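The two complexes that follow have chain A in common; it is paired with chain B in the first and with chain C in the second.
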Partner chain A sequence: MASFDRASSARSPLIPLFPQWGRVSIFELALILTCIALVVVRLPTSFQDVLLLTYMFAGLALAWNIAGGYAGLISFGHAAFFGVGAYTSTILYLNLGLTPWIGLWVGGLLAAVFGAVLALVCARLRGPFFILSTLAFAEVVRLGALNWVSLTGGPEGLSIPPVSGYANMVFTSKAIYAWIMLSYAVAIYAVTKALEASRFGYYLCAIRDDEDAAAAAGVNPLIGRTAAMALSAGLTGIGGSLFAQYFLYLDPTFLISPELSFQFALLPAVGGLGTAIGPVLGSLLITPLSELLRSHLGNAAAGLHLVIYSAGLIVVMLYFPGGLAAAIAKLDWRRRRS
Partner chain B sequence: MTPLLEIRNVSCRFGALLAVNKVSLQVAKGELLGLMGPNGAGKSTLFNLIAGVLPPTAGEIVFDGKSITDCKPYDVARIGIGRTFQIPKPYRQLSIVENVMLTAFLREKTTAGARRIAEETLADVGLADYMGTPINALTVGLLKRLEVARALAMRPKLVLFDEIMAGLTPTEVGSMTKFVAGLPARGITVVWVEHVLYAIMKTATRMVVLNRGEVIAEGAPAMLARAPAVVKAYLGEEMDFA
Partner chain C sequence: MTAFSQLLISGILIGSIYALMSIGLTLVFGVLRVVNFAHGEFLMLAMYGAWGITQVLGLNPYWGLIAIVPAMFLFGAIVHRLIVQPALDKPHLVVVFATMGLSIFMQNVALMAMSADLRDVPPVFAQSVIIGPLYFKAELLLGFVVTLVCTVALQWIIRKTYLGKAIRATVQDGEAAMLMGIPVPHIFLITFAGGSALVGLAACIMLPLFSVFPTVGLNFVLIAFVIVVLGGMGSIEGALLGGICVGVVQSLSGYYIAPAFGQMFFFILFLLVMIFRPNGLLGQKGAANIGMNS
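And now, the complex of A and B:
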């Protein structure tokens, strides 16, 4: 999977050209500047939608990657945390008038609690058994949201009144949403990089690679897994709150759908599991592709966009098994030589 | 002097099988204790009881004056007991240096500090030239040395070695034996389970022989090689520990 030579990073220059473990590179800085520029140039509205969704999914994929990539907790249930975040901030706003700027932190916190509970309940499950449990967990949360009508509005969902203003976090300008989503992605990117540079990040990798060896190094695997899942779920929950403020309508069958969960897992898998740049590259490639295919082919031939999309994924998986991040690492001639 | 590690009447039962039966032994600071016995003697079980992998059914284990009977593996590691795995368990997606850093983190919270300790330890066990090698390219001998490096990087008071010679070439056994023999002088007490007897007989300050879960002999290596109980336990034949 991850193919960065982390061992040699201590010897390389001050700011490396290509992404490295726990360090900021010129490649990443250029990428962030490009992302900022794309918002500044004010693309046509339809492209701005794609752009902000790309940023949002980059952030969500990064959040998923903390549990799935670094700690090895492959989850097909992250849409549940996304939904918990979205519902929490929205319900707090609609019922109590609490501004979503605060509500999103409450949503994130509640999602983190859900994540910790999932990790503790599945403490003894590994591999496919863990994955299936996450899938089932999300289904339980979805059915809960669907049936607790007094709180969530049930199948009819919840609508946020489209009254624009900073206090209620609703904007007419897409650019502001793009800024918010970009900040979200950059913030989680920073969290990921900090994780890589920290003892805790190494502990997660150790738990992923060999739990017995990790325990012999003084690591409590259960605490590590729980913390990773809580962090990942909490960040996903914040993303859910942000999405709610953009979409202004919460529908349990979309918000907590397996499709969305798969999407969160797919982007890091395509980009490179257990790398910081991977989920970002995955979203930059996949999100615009799927949006464009859907808008251009969705009407002409229903389902054709999914065929093309899936074929593309198979090609990526076949030729870049380590993800796009591994392909980029190969460009780094200085370290390939050694 | 109080022993560093004391095992008091420890038993471990798996269903009908009594794998370890009321074993008592003491390890003094600075000792290199060899643990031997035929297959199924209970060596690995005893090892796992000390390392916290298995809870004893009865008895008590005391380390450095504190009971570690109910400790989990990560508690045992934190109080200063390092261990190796009989079948090496490297972190496959991490580099060699990072593999060792993971245990060094018990002494140094920062990655830079842990990396420094890891590099020192790797040089110590003779893996300095392999720091850039992928884990999957390592031979059994090198993986065993990596196990030893990981156990030592936490700067333990006591290390538990589990068959670190198995699968090694005679040259590798020679250099590893010399290395292990030097550990007590550096303040590291060693408990060593080993099947490659000529290596352990040469270096151990004291040997304990287990058979069917019980201690059948104990003493200096040279004496034990001639002890009737030991000879009988090993297929009833006298062995040549050349």
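And now, the complex of A and C:
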């Protein structure tokens, strides 16, 4: 976990240069402007795909980080929430004709309910037991989706007709998707920053760092854990709906796969757990790398990108447990000196 | 009634195989309290090793034991030295993420090297064992016997030998053990490597019964954790009991309740155990908080 020098924030300048707890910094503003510029300049189509996936994974990693980084609820089952969101908006659209613009909120809400259920079911579990339970939970959801053929199409999956239009939320231009994914990531970034600045955010960190002490100080760990998980799951579910509208095909073996869950967890772990900037940096570094590896090496190296980032994860965990965010923090010479 | 007893006994036999696979994890997770998420991938690796031996040398997988068990001991020692040991003095999250990283690493290396195809070996014994109206695979019976022998032998090592006493002392109080002249880091290394060697043994016994593919570990690692927890962390006879429970429940529910959802059963059982008996059947207090060194 990154350590925060919370007391010093009172005497730093109006807008700090480097990321700080609960505040917007010049570094982050510059990063957002760069991200906007990358969409505006209209890269070649294949790069636009990589770009929008990078933004999407940044958003998903941020969503995971709310539970995993701030509340200490390490989940290897977030793909379940992603899948729930994707299936909900798609099924509502295909069966009832409900526009995905509304469907994504329903998907997010349902995913939040799933998240709350998971947190309540695992209320007594800590550490490895909690982690294994999230993995098992996601497998139950995946096998459920795979076997409930009448609703989810089973192993064949569901296809969204590629009829473009604002009402269908299907676009021919990649740039529009890139804007949507960027807004998604920025929105979750804002949620994370607001969380850091709020009482609730401090509650979550207190629960993570010492649950007994937090309870003794009047924080209800059960409510905190459940709310954090529901928020994280709900945001992940919305991401699932957005992904469905981009990809236009739902396949339970990908959407709710353990591999995807690991990916959600690995990005913040490499970037820096419990920091707002960490998951973003993790995604900016790893998603383009893995997408490019995948497109250049193709099926010849089906798992190569995962080999590379799992190896990276081991090295980061053992030697740089603060991740990329800690590396950025080291650049901040003024705070380091004080 | 015949169907029931057939299912029951098959459940016990298959459960003992699960127990065999979990004994290594009992040592590593139950005794050492090291959360090794890559346990399933150790099994996968050893199964591929045994499969390779059957393909190249044309021997039956049981001969593979001679090579696989020492190889897995060595592999365990290397993993311990490179990944587990540097993580031991750090927060518990580090071990979790590092072994999770190792698990993904091994899965995908296997995917690249072996593709996603299911590999299996032909049955070793031509005939099933027939007792009255009941039929059993001879491979299963052999596995059952091996598990019993292993359980007794390991129990004896842990209870009676110097090594076993040193392991228990190290777990109870590492600092005091060190002051008594026990080489604690070596004990950790040997126990972790020993756990891996047991996985190698289990892999050779399991290969004639199960196919091997890159993500085979994911199914088994959850069963293994459930068995270790059910048996009460670190108890070897508990693991045998836990394994048999899992096998029987799986065998009966697959037949009587819902065969289509059979796979889902492992995971639901895992969640139920976690919710209702996080301290295990033999109920060691505080077992659910293990691995949470803060």
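Following the convention adopted for this analysis, the second predicted complex is superposed on the first by the 315 of 338 C-alpha atoms of A that agree within 3 Å, B and C clash if a C-alpha of one lies under 4 Å from a C-alpha of the other, contacts with A are read in each partner's own complex, and residues count from 1 in each chain.
In this section, a contact is a pair of C-beta atoms (placed from the backbone, for glycine too) under 8 Å apart; a residue touches a chain by one contact, two chains touch by 3 or more.
These numbers were taken from a predicted model, which means no experiment stands behind them.
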For A:Ala37, using the defined touch cut-off, is the partner it touches chain B, chain C, both, or neither? Pick first, second, both or neither. neither
With both complexes superposed on chain A, which partner does A:Val163 reach: first (chain B), second (chain C), both or neither? neither
Thinking of the overlay built on chain A, is A:Cys122 touched by chain B (first), by chain C (second), by both, or by neither? second
Report for A:Leu96: first if it touches chain B alone, second if chain C alone, otherwise both or neither. neither
Check whether A:Pro258 is in contact with chain B, with chain C, with both or with neither, and answer first, second, both or neither. second
Which touches a greater number of chain A residues, chain B or chain C? C
Touching both chain C and chain B, counted on chain A across the two superposed complexes: 1, 210
For a test of understanding, state which residues of chain C touch chain A in their complex under the given definition. 29, 35, 37, 83, 86-87, 90-94, 96-98, 100-105, 107-109, 111-112, 115-116, 214-215, 218, 222, 225, 229, 260-261, 263-264, 266-268, 270-271, 274-275, 278, 288-292, 294
Counting only contacts in the complex, chain A reaches chain B at residues 1-2, 5-8, 10, 22, 197-199, 202-203, 205-206, 208-210, 212-221, 274, 338
Would you mind writing out the residues of chain A in touch with chain C in their complex? 1, 74, 76, 121-122, 124-129, 131-133, 135-137, 139-140, 143-144, 147, 210, 258-259, 262, 265-266, 269, 273, 301-304, 306-307, 309-311, 313-314, 317-318, 321
Per the touch rule, the chain B residues reaching chain A in their complex are 51, 53, 72-74, 77-78, 82-83, 85, 89-98, 101-103, 105-106, 109-112, 114-115, 131-132, 150-151, 154
